[in-house]
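Going by the order they are written in, the chains are A, B, C, D and E; count residues from 1 in each one.
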């Protein structure tokens, strides 16, 4: 059993609270990604699980044991560090065998298991190389093999891929995922790259300012971000400032910078008061675009709600179209504001700067946040 | 946990003992300088400032101060010019000469100073330079230059050479780009290098013992000759002054750079 | 001060004199310098040196750093051999006449004048239940069983002479001048319970203070001057002893040869030495000088008394220099 | 100088300069390095050639340092066959090896402590290394006499708390000379090792601990090999300086070291061929030992760099 | 006139050929991006234009002048460096005024123009700051202002954005493009990021192994890559090994690892010989996916050409679906091989691992390369 339970974990550096009241249970065999911007406390949390940093408050349980006061060398965790921390004066094989040597395994046993691990990560050919001469991807593999060699209950990974280039990073993500599926061990993986978290994670834990803000599976987190910070962090979106103009039992009308009221469906109109400030998130992928019905009109006209539902439609002018290989990103001017929309090239309809276009979306796809950043549950 | 805390305690005791070992002799020097009697004893039975008073009446000590200052400054200037230009040249092109330079510059540091004293005494006599300030400065430069040179190598290796490209690119010729861009960036390093050279010269006494004469004797030489005869607290007084000067220099250097960096340069 | 080369002796008003560094120099400055400067319109520039004195003159290649220098027997001999001194014109040093014959005769005076010196004496602890009085006592079982002996290492030939004197196989230190007896002399030293190899008076006092030794060989002049600072120590001058005699020389190449000779003659005057004696318990050569305090009771005042001091004879000794030096070093390093 | 020899000189310069220029990328770089190279040739290489020359001269007549223009290997024979030079060399090497071993081990401990310390404590520890470095060697060494002599502070202290009945004879003696010499070289050893540690990634130690290494084990397995370039520099410097030590054995020891002997032979005894031959033998022996030390130590860790 | 003409430019370092026979004309006012992987010789080429590196062969003309032998400080180019190379000991204003000082402009003139430049890049508020204290984006702006201040004919940019984080990089790309449009100067911009090149460039020059492999506008290069290297470098694609099975006047049939012949239209059937090995590139964006018509079939069936044209269709099984926020990437197993397809979430149809799906594409969208990497002109 290698379930990890963190309760009320806290780390203070002087006056600074690096990690604040983190409580979460990571299930046996799960791969949890800790995702958050730089300085949000991800590494500190991970290091407290590893025993490399001792918490100023709270407890860490691994399996049934309270390991809060146990030093790193006495825990059944193994860590893969950001810079891999390979021992530069030892060969690749010696690096991988190091942990077994510390466990006083016999020389033959060490060598055999180290070779086995190197084969698993496809680095057996480099067994006798000096790790400093390896490429980033190779170092990464050796670090992984070294941590796996001690057969840990929990594997902790602190941004191990962040020093690799994009192509390699993506390959390694797939590999890590395969290894995780193979081993059925608990993994905690720290990253600040949302794509990486989405690719790897069974569940994502989002950290901000030392707190664990939201934990959930990738879909859930992406579709139901708990606050504005998460919505902004997880992907490119258009944030629009708005003010509640009118509420009904079924919908809310919001006055926005786009110069027209936006209609959002709502089960609970009372949740919002007229006049309240909101931020709306209009994700580029929920926007569909087409030729403007009044394409020849000099002044972009703002259309209103088309049908009885919550479909919104608006007209704007393409400011610029950036061709990015397989996708095109349009920046569209609407009134004083501008909104960007992204289409894959394969989708029909290419527009040029200056074209008037029509943008359409379902109000149900729009997320709304209060001034304090919390999500409005519509 | 038990074992960890025992280890921690032993380790701490170990380095605190070394800390005491490092500073104790200096404490002896400072404390004995306030001794009242003519004999150097620690701790002194009675304290007094009398040796400080008589210090300023001692012409040979005062002359030694002047000599040390002159030789130290001379060494600093020569070693800095040699070390900075060579390190800069090597940074531009680490060719054959560059590769031979490091061992050539380093080797003198491994030769016992007595041998230099002997060798240079013979050598400078050939040029009628024995006992001159020049002979002392050149001898000390032999030891000071490696320090300046290696400090400057590490300073230059950290210097962002793209800045030089940028200066050329913005229209600055070789001289102006050096003056406007390289120099301001490495001036702290040059300062530290020169300071180290000065300190090396201030400290060195074996070569100076051989190469100086009565008019050019530096402080350590005078101190050495005194120690061989009578040991009075005067030596401690002079050393206390030197410790104060060094402290001032450290603070100055720390202000110019920082201590951590400085200590890396010192080795 | 010139940057290149050393300071050339200034124009006639200054005479540069080199003396032993340390408190010898202090006493010289205290008594001799004012006396001379009062009498002459000349500034005395006193330099101090140790075993580098000859080296400094030699390196200067004819432009000597001093006009006058003090030398002991060994340096006097080496300096003569190396042509480092001007010969001294007898007519310019009339006071040589007044010197005790023994001092002016046992060494040539062509290049230097005998002025002052010191016999070697024995220092010992008052509470030692034995009072050494002659050099042979260093081999006695009492000293053997004491905490130990301190002897000079820089000027090693003095303890070597002391050992020879203590042996009594030959007159004075004759053993050293008879090759067949050399081994015995060094065996004698080997048998001493030497605990401190001192290179300065300071070392000797320190060794007493720290209880390393109970007995020491040192020079009367320094001992008498310093011993008051230390409790529980006393010293004695053996009747037969060795010691050093300073010959004062004019350095070769000086442009003040006359002035230098005049200065050396000044040093040889009885009134000067009488005055000098008041600050320095040294031995002086002028037969007419008067020792201060009760020093006259201990230091020789006549040729007969002086003959009890066996000064090293470098004319002969130089042949054995290397041999003795190695022997002595190997005893020390053993 | 005649025009002819001028031309000859410039011809010689041409001959050396041209291939140098050809083998490097920039003439400007060569010009910048030239002053130092010339300095080293004039003040280091040339005097050493003279030293070598004197060592193969005959001893001088009475009172002269050596006989100019003569050739003889007597000085070497003397140095290599007689007892005293051998003893002196052996004694110097004893001080050199023991002082080096102590300085490097203690230096490693102290450098590690500095590396791990933070803030004010770190500055204080660094300061304790730098200050002795700046204090006159002659004096700080002598300060051990009142501290370590049989009636000194240490013995008094130990006796008064009843740990000792008879005082330790540290000074004067071999132990004293070694203490003094360690004191002289320790700051350099600490800084040489610290400067390497300072660039080392603490994560390596964490990785070792994470993989099950206890603290001493992680230091041995990771810190020592990583610090090896610094340890090598510390060893070489400590050894070279201790073998050639002069002040500490003079003030605190009771035996003659190589440096003391050479000084006496040059200044007092005027035996230049013997002194220079002894120096040459000594340098050769030192370089051999240094080479061996570097070779052995490099097998345990990184390559030596000149820094 | 600030047209740049490089002819036969070569740079050798010892035995290594860093740049080999580069010839290209960069038009006045054009923005050319040099794009290529690390070590391909982009910086070396740029530095030869700047005069910071001297070519071992070939010439550089700027405008009408042969500047090959002119030192950097004598050319009318200005460079923005990767690390910006700001002078740390000078204030922001002094940095920007430096070039003018070297031109001996009067103090007032210098200050005035430097302020003007700082205003243009919106950094006037920081004029007296120390550049080391600025953020990456701010440094980048100052470096730009410094280079613009000397009013160069040509602006050279060596990966100036690569040290910025993704968000900032995208903003700066837009800004750079605007400045280029404003100034109408010739820009040469080096990057190894294909998105950046597509966003910025009028024309893209692709470098590999020291050679300039292809120069053209972004569309052209993306649609018509000259060789396999470029196709791989410009975006994620599926490369399939194949062999020519049959050629007609109108089409070529290629046997592939997918286990079925693929039909490609061709105007010139003779260009290929039967039996020739090819590599085909199947870009994810040309693949459309839908439910398999034989969804219940256990073994994935390979469909053949549907109509008389060159539409290809194939059936496979979803191996895994990686949810990446706004897009989903499906890895689809077909026979022993696998192909990936990417869809935006907004597009209809979500599949799970194990689902059988139908993939369809037009043979005209497939690119074919010979064994030596050259493109087959079909």
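To be clear about the criterion, a contact is a pair of C-beta atoms (placed from the backbone, for glycine too) under 8 Å apart; a residue touches a chain by one contact, two chains touch by 3 or more.
Small disclaimer: the values here were computed from a predicted structure and weren't measured.
Chains that count as touching both chain C and chain D, per the definition above, are B.
Under the touch definition stated at the top, chain A and chain B share these contacting partners: D, E. Chain A and chain D have centres, each the mean of its CA atoms, that are 57 Å apart. In terms of their C-alpha centroids, the spacing between chain B and chain D amounts to 16 Å. Annotation: 92 Å between the Cα-based centres of chain C and chain E. Across the assembly, chain A contributes 71 as residues in contact with two or more other chains.
Annotation for chain B: residues 4, 121, 209-210, 227, 231 touch two or more other chains. Residue positions of chain C touching 2 or more other chains, listed in rising order: 52, 55, 199, 206. Chain B makes touch with chain C in their complex at residues 37-39, 60, 121, 125, 128-134, 209-210, 213-216, 225-231. By the touch criterion stated above, chain A contacts chain E in their complex at residues 194-195, 198-199, 218-219, 222, 234-236, 283-286, 288, 322-326, 342, 344-346. For chain B in complex with chain D, the touching residues are 3-4, 7, 11, 14-15, 18-19, 21-26, 28-29, 32, 40-43, 81-83, 85-86, 88-90, 92-93, 95-98, 101-115, 117-123, 126, 138-139, 141-142, 145, 149-150, 153-154, 174, 199, 202-203, 205-206, 209-210, 219-220, 223-224, 227, 231, 235-236, 238-239, 242-243, 246-247, 249-250, 259-260, 262-264, 266-267. By the touch criterion given at the top, residues 51-52, 54-55, 58, 77-82, 154, 196-197, 199, 203, 206-207, 209-212, 318, 321-322, 325-326, 329-330, 332-333 of chain C touch chain D in their complex.
On the chain D side of its complex with chain B, the touching residues are 20, 23-26, 28-33, 35-37, 39-40, 43-44, 46-48, 50-51, 54, 106, 109-110, 113, 122-144, 146-147, 152-153, 183, 186-188, 191-192, 194-195, 198, 214-216, 230, 233, 236-237, 240-241, 243-247, 251, 258-259, 262-263, 266-267, 272, 275-276, 279, 282-283, 286-287, 290, 306-307.
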